[in-house]
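One chain, chain A, links the two complexes that follow: it is found with chain B in the first and with chain C in the second.
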Partner chain A sequence: MVYMRDYFFSVLNSNRVVALLLVTSLAACGRSPVDQVVNYDIEYPPEDGGTMIDATRGEPGGLITMIAGDAAASAVSQNIFNSLLRYDKNLEFEGELAESWQISPDQRVITFKLKPDLKWADGKPLTSADVLFTWQLLTDDKTRTPYGSDYKLVIKAETPDARTFRVTYAEPYAPAVNSWAGMDVLPKHLLEGQDINNTPFARNPVGSHYYKLEKWRPGEQISLVRNTLSTQGPARIDRLVSRFIPDEASQFLELMANNIDTMALSPVQYARIFPARPELQQKFALYKELGNSYTYLGFNLKRKPFNDIRVRKAINYAINKQELIDGVLLGMGEPVASPYKPGTRWTNPNLSPYSYDPARARELLREAGFKDTNGDGILERNGKPLTFEILTNQNKQREMSAVLVQRRLKEVGIDVKIRVLEWASFIGRFIKTGDFDMVLLGWQLAIDPDQYAIWHSSQQAPGQFNFIGYKNQRVDRLLERGRMELNPDKRMKIYHEFAEILLEDSPIVYLFAGYGLQAMHKRIKGIDNPAPPKGIGHNSQDWYIPRPLRRTEISQ
Partner chain B sequence: MVPLLIGISLISFLIIHLAPGDITTTEAGFDPKASEESRQKLRELYNLDKPVIVQYGLWLQRIAKLDFGTSFASHQRPVFWRTKDKDGNITPGMIQEALPITLLINVLSLGLIIVIALPLGVVSALTQNRLPDRAITLFVFVGFAIPGFWLALLLMYWTGVVNDWLPISGLHSQGAEHMNWLAYAWDALKHLTLPVFISALSGLAGISLFVRNGMLDVLHQDYITTARAKGLPENTVVYGHALRNALLPLITIFGLSIPGLIGGSVIAESIFAIPGMGKLFYDAVLMRDFPVIMGILTIGSALTLLGNLLADLAYAWADPRVRRGVMQ
Partner chain C sequence: MKRALSNPLALSGFIIISGIFLLALFAPLIAPYDPDAIDVKAILLNPSSIHLMGTDGLGRDVFSRMLFGARISLLVGLVAVGIATAIGIVLGAIAGYYRGWVDVVIMRTVDVMLSIPTFFLILAVIAFLTPSIWNIMIVIGLTSWMGVTRLVRAEFLSLRNREFVMASETLGASDKRLIFKHLLPNSMTPVIVSSVLGVASAVLIESGLSFLGLGVQAPQASWGNILTDGKEYIQFAWWLSLFPGFAILITVLGYNLFGEGLRDVYDPRSSKSR
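Now for the complex of A and B:
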C-alpha cells in the first residue's frame, strides 16, 4: 500500500518545479553570505587543486560502460578510462591513446599507433595487448553487453607490437572509426580470468585518464582524485565529487546553498528563475550548449492515411515549431531540419524546416481527399473522420508538446487524442507491436552520421528501430553507401543528400532540439563561452579553482 | 503462513509479469547501437523467454534455499545479502544497503509519532470539543493533508538555503569520513532531522485521533465513574485506569506498521537523496528488475504476516480477557 500511495504522489510530483518556483519567490531575504565579499568576476591565474562537486540524478550501476550502459556510468567513467580516439571540440576525430591511425587504401584495415610510455593508474604499462583484450571482451558471447555489434564486424584484430593495434573488416565500415572512440580500454592485467559481468572491478576500477576513483559511497556519492600517471597529462582540479540527488528541485536548492558547483538546468530555471535573482547571477555563470537529442512526431507509415505523403506534409505545415520552442523550452532550443547537430559538418546547411502554414496544410489535405462533410470541424474521407492518437511517454516536455500539436492540428481539422504511458509499457506494448498512429519521441543527435538502424527499410522487425516503417529505396542506398565510405568529405555529401530526401518525405515531423543548459559556480575558471559544438566539458582538464574562491573543506 | 506466502508470491509474480516490457526494453532498449540480437541473448540468459509459470518455478526453487538471486540490472548485484567471490571480494547486497537507512528513519519517525501523538490524543480527549481539542485536531489534519514534498522543499529552503541550520539532502556531509564518531553521528542526525520530521507529520493524525477516540470511549465507561466516585486523584484515573485500556488497540496498529517499517517513501527519499527501500523498489519496477521486485515483496509480505502474529501475541500478553479466550 505504501508503494501505491507513493506512485500516486509521483504523479503530483511533476509539478514540483512549479512548487519550487513558489518557494523561491516566497522568501527574498538571503542568509548573510560570507561569500558575497568575494568577487568572482575578476581574473585569477590558473593553479592546481580544489574540489568540484556536481550532482547527478542516478547512481551508476558500475563503471565499466560496456556493461553498465547508463548515462550516469559514462558520466563518471569518461574521467577514468581512455579510448583510442576521441572527438575534439569541433567534433572531429583526434587521437586519445592513439598517436595516429591509418586507414588502408581499400578502407578495410585500420591501424592504430599508441602514444609512447602509456601507464595505468597503478603504474603498469598500457599496451596494445590491453586494447586487444578489451575488444575480445566486447565481442565475447559470454559478455552481457548490448553494444557488441559494431565490434563483431572486425574479422581480424592483431597486435604486431606493443604500440600497434590493427583491425581488419570484411568490407569497409565507416561507423567503425566512431566505435573506436567509444570503447573504454580496460586493463588486461587486472581483468584477465575474471567474469566481466560481475567483477568487483566495476566498483573499484583502475583506468588511465585524468582521474582515478577515490571513494564510492553507495547511494550517496562517488569521488575521483587526480591521476598523476594520466596518459593525457595532468588535470588541474584535484578532486571531482558526484553526488547522487535524484530530485531536480533538491539539486537546485543544493546549488543555491553553495553545496554543489554545477548542475543541469531546466528551461524554467535557466530562463525564469536565474534572471529574476541577482544573488544567483552573482555566484553562477550560465552556459548553453547544443543539445544531444531532438524531439519529433513520428507517423506509423504502415497505416492509412500516413502512407500518403500529402497528409504527412500537411501535418508538418500545420505545426508551429517556434511556438513549441517558445512554449515548451521557453526559447531554449532551435528547430532542426535534419537528424544531426546544427552547426556540425553532417548538417546540410541548405535545408530549413517546414514553415508554419495552415492554409497550405488545409490545401494538401483537400488534395488528399479530406473534406468536412458533416460540418463538425473534423475532416473526413469516405465517411471516416481524420482522428488519431499521439502516444508519448511520461516526460513533461513531450506531454506539453503533444498538447500544442493537438491544438494546431485541430485548427486544420484533425482530431487528436493524447495518451501518456510509462516507458517500459510504451515500448513493450506499442512500439514493438507497431500498434500506434503517431508517437512523440526523441532521437539522439548522434555524432556519427550513420543512421542505418533508424531509417533503413530492413530494420523494421519488432525490437528494431525503424518502427515507423520508413521505406525509401534511395535512402536505403545512401545509407548503405554511407557505411562503406570512410572519407569524411565524401561521407558528408552522402548524408546531406540523405537528410534532404528525409525532409522531403516527411516520415517524421522534426519539432525541436533543446539546448543543454548548465549552471556553473563562478569559482570554476577556464571554461569556454560560448560553448563549442562538443559542449563546455571539452577542456575540463584545464578548468581550475583559484585558492581564494575554494569552498572551506573540513580539515583532515 | 507458508502457503499464504507462496500464494502472495505467485500473485505478485504474475502481476509484475503482466506489465509489458522487461529489463531488455528498459536498459539500453532504445539505443540504436544496441542490437536486437544482443537483447535476445540477454533475454535467454535471464530465462525471460520461458513461460511465466516456468520462470516462477525457477524463482521458487531458488527462494526455497533463501537465495534471492542477483539483480537483472547491469551491475548484477545480489538482491538481498552480500556475496563473496573466490578472490575474497565482497559485493554488498542491494536490500542489505538500503534497509538499515529506511529502518532507521522509520523507527525514528515512529518513535516521534508516539512521543507526540500520545499526549496530543490524551489532551484532545480530556478537552473534548473545547479549544485545545479543536486546535490539535486541526493541526494533525493539516499535517496529514499537506503534500509532503511541498513542505519538504519549503523546509529545505528555509533551513538550508535562507538559514544555514540544516543540510539540504544526503546522509553525510563532504569529508564526513574524517570526522570523529561524535561529530559523525551529529552530522548524520542533522541530515536525518527533516526526513524524519516530514515522514512523522503525516502519521500524527492517525495515531492521535486513535488515542483520542480510545480515551473518550474508556472515559465514559462505568469503571471510570467508579474510580472517580471512590475518590481517586484525577491523574490516577486518567493515566492509571483510562490510558492503559485506551492503548490496547494501538498494539494492532503497531503490529500492522511493522511491514511499513521496511517500506520507504519514494518521494521523500528522492527529495532528500536518501538511498532507501522506497527508491530501490520504485526504480526496480520502472526497470522491470524482477528479482529485486520479488525480493522486496517477499520480505515485505513475510514481515506483514509476522507483524500480524506479533500483534496477536502482544494482545494476549497485554489483555487478560484475550488470554483467557486463548486458553479456553
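Now for the complex of A and C:
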C-alpha cells in the first residue's frame, strides 16, 4: 500500500509528464519546433500581416446578431458590422459610423450625422438609407428578434439626406443612446425584399468594419480577412480565425499546444496553473478586465422575516465578502456596493460594501427579536427557529459561495440549507412562482445604468426580473427619472442616489464581481496593460504580430 | 462463515470491507479536522503531513472529508440493498410459491422494471424529489429489487418439487410453515451473494448521483461530490480526483471479491474448485 501511494505521488506530482505529452503533440501537429526557443518578450515595431486565432464555445447560428442572438455570433460579427455609436475605452460614447449626434432640447429627438464617404465591403456606398432600413427590420413584427423593444419606442425615423438619420421618441428615453451603440447596420442593397429570418446573407455577410468574411467551414471555423474599405480605417492583423471548440478543457489544451492564441480563463487557470508553469509564462500574457456580472444573495422580500430590514442588514454584516473572493475566485474579483462596473461613471464612489461584522449582525438580530432560547445555537423568534434555504443553480462558483455563506450565517445563529437546481426547474418552479427564501444568483453589470426591469416595483409579475419583490417608492421615482434624463451628468446623480438607497435597504447582499480573465499569446503585440474599463479589445485594430513571431502558415 | 473465509477471494474482500467499515465507524476519532471546516487561506494544498490528502477548493481537509464520506457511501449501500432485498424476497416468495396469475403479474412487472435503464429512472425520480441522502437510499432500493425477486422465485420453484418439501406438504404443513421453515432458509444463499454484489453497485450509483450534483448535498461530504469538486482542478490538483476515485474503486472491488468468493463457496453450480 505504501509502495502504491509513493508511486502515484511520484507520477502525478511531476508536470514533466504533461510537458512531455505537449511536446509530442506539438511535433505531431507539424508545428515549428523552433517554437520553444523564440523569445516572445522582445519588442518589435508595428507591422501589418499575420493571423490571429481564437476560439468560440459554439458555432454561430448566423452572423446577423439581431436574429442569431448567441454569444458566438456577436463575437464574430462585431468585427464585420458597425453601429452608429460605440463605447470608447473609458466607456463613454463616441461615434462609429456617426461623425456626430445631437439631442434636441426637449430630449425627444436624436439626430445622427454620418461620416463622409462610408462604403460597404463590396464597394457600394453606406448611407442613412441603410440605417433606416436596419431600424425598420428590427422593429418589423415579422423579424424574429428579442432585441426590438428599445427601438420600437421610436415613433418617427427619417433620413433628411444621405448622411443624416433622425429619430423621434414620444417622450425622452435615456437608454436610447445606448441602443444606437448596439444596432449592427445592415446593407439595404443586399437585403431588401429578402426574408431576414432565413436569408443566405446570414452565412455570407457583407459589412463595413475592419474585417470581412473569408470562409466559413461548418463545424470547424470561420475566418475573416481584412476589409480594405473599412469605415474605421485599416486593421493591422490580416486574418482572424475563430475555431469552434465547445469544451473549455479542450480550449485550454489547444491554447497550450499553440493552436489558438487567446481564450478566457477561469480563476484557477489564471491564479494557479499559469503561475506554476514557467513555460506557459514565456508564451502567454495574462490580462485582467472588469467583470461583466456580479454575484448576489437575494432575499424574498415578501416572506418573513426578510421584510424586516434589520434581518437583511444582519445577514449582510454576517457575510465575509473578502473570504468569498479569496475562496471562490482565488482573489480574482472585487466587492461591489452598487450594481455597476467598479470604477466607471455610474458607480457611486462614496459607497462601500457592508463590512464583515458578526457582532453587529448578532446585535441587529437581537433587536429584531431573535434569541436562542433552547440553546441549540440557532436563534428563535416566537418559538420558530431562524432557518432558511438558499437556492442556486448548478454553477460551481455559486455552489461554493453558498457553502461559505452557510458557514458564516451559522456563526450568528442562522441555520441555512443549500439547494442546487438545474436551471430550467430553478426558474420554472421557484423563481417564477416566488417560492424561495433566498437565491444566490448573478446579474449582468450592463454599461447603461437603467435597471428599471430589475428594481422597479411594477416589474414583479411572474417571469419579470424583480422576482425578489423589491418595492421602494423613492427608488421607483429615481428609476423613472433616470430613464427620462439624457444628460450624462444629471443622469449620473440620479443613479448614484439610487445605488445609495439600494445599499441602505439591502434587498440583496452584493457578494462579489469577478474579473474577466484572458490569456493572450505574446506574439500579439500592442495590447493595453492594464486593461482600460472597456477591456483589452478596445484597440484590436492596432494589435500586430511581428513577422518573426508568426506561426509557420500552410497556404491553402 | 468460516468456510467462506477460507476462500482467498472472499477473505480479501472481507478484509477490505471491514477496513473501510472501521475507518467510517471511527471517522470522528481518526479525522484530524472538522470535515466541513473551511479555510480560504489553505485552498488546494498538496498532500503533506499536515493535510494527508491535501485540501479542496474551499480549503477543507480532504482526508477528513474522505473518512466522513465513507460513512455516506457505506450507509447508502447497506440501506438501499436492505430495501431492495426485502422487496425482492417478499415478491419472489409470493411469485414462486403461489404461481398462477400472481406470478405472471409480478414477473412481468420485473421485466418492465428491468427494461428501464435504472440510472436514468433514478435521475428522473430524484429530479422531482429533493435530493437528500434518505431519498437516494429509498430510490436506489426501490429500483434494484428485480434481481433478488427472480433469484428467490427460481429457488422456490425448484425447492417446491424437492422430496422434503413435498413430504412436509403431504403431512399437512401450512403455507406459512412451508415458506418460512423450508423454502426461505434454503434459498437464502444466492440472495446473500447477490446482495453483497448489490451493495457494490449501490455505492457506484450514489457516487454517480453525487457526481452529477443530485446526490448528497453540500456541505456534507460524499466520495461522489468530492470527485465532482476535483473535476475542475484535475489538471493540477490530482489528489481531489485520485483519492475519492480510488476509494470508490477499492470499496466496489472489496464487495465484488467478497460476493464472488461467497458464490464460489456456496453455489455448487458456479464453483470451479472447492
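We take it that the second predicted complex is superposed on the first by the 522 of 556 C-alpha atoms of A that agree within 3 Å, B and C clash if a C-alpha of one lies under 4 Å from a C-alpha of the other, contacts with A are read in each partner's own complex, and residues count from 1 in each chain.
The rule is short, and it goes like this: a residue touches a chain if its C-beta (ideal position, glycine included) is under 8 Å from a C-beta of that chain, and two chains touch if they have at least 3 such contacts.
These numbers were taken from a predicted model, which means no experiment stands behind them.
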Which partner reaches more residues of chain A (counting touched residues only), chain B or chain C: B
Touched partner set for A:V268, first chain B, second chain C, both or neither: second
Partner chain in contact with A:D326 - chain B first, chain C second, else both or neither: second
Touched partner set for A:S250, first chain B, second chain C, both or neither: first
Partner chain in contact with A:P45 - chain B first, chain C second, else both or neither: neither
First, second, both or neither for A:P278, with chain B first and chain C second: neither
Partner chain(s) touched by A:E422 [first = chain B, second = chain C, both, neither]: both
Which of chain B and chain C A:D150 touches, first, second, both or neither: first
Set of chain A residues, in rising order, touched by both chain B and chain C: 9, 12-13, 249, 422, 425
Sites on chain A touched by chain C in the complex: 8-9, 12-13, 18, 249, 252, 266, 268, 272-273, 276, 323, 326-327, 330, 394, 396, 399-400, 402-404, 406-407, 417-420, 422, 425
Contacting residues of chain C [partner chain A, same complex]: 36, 38, 40-41, 43-44, 46-47, 57-59, 127, 130, 213, 217-219, 232-233, 235-236, 238, 242
Chain A-facing residues of chain B, complex: 19-22, 25-42, 45, 70, 73-77, 85, 87, 89, 91-92, 97-98, 101, 147-150, 153-154, 156-158, 160-164, 167-179, 260, 263-267, 269-275, 278-279, 281-282, 286-288
Chain B contact footprint on chain A (complex, rising order): 2-3, 5-7, 9-10, 12-13, 16, 19-20, 23-24, 26-27, 29-31, 51, 53, 59, 61-62, 67-70, 141, 144-150, 197-198, 200, 202-203, 215, 217-221, 241, 243-247, 249-250, 253-254, 256-257, 259, 422-425, 427-429, 432, 444, 446, 451, 453-454, 461, 463-465, 553-556
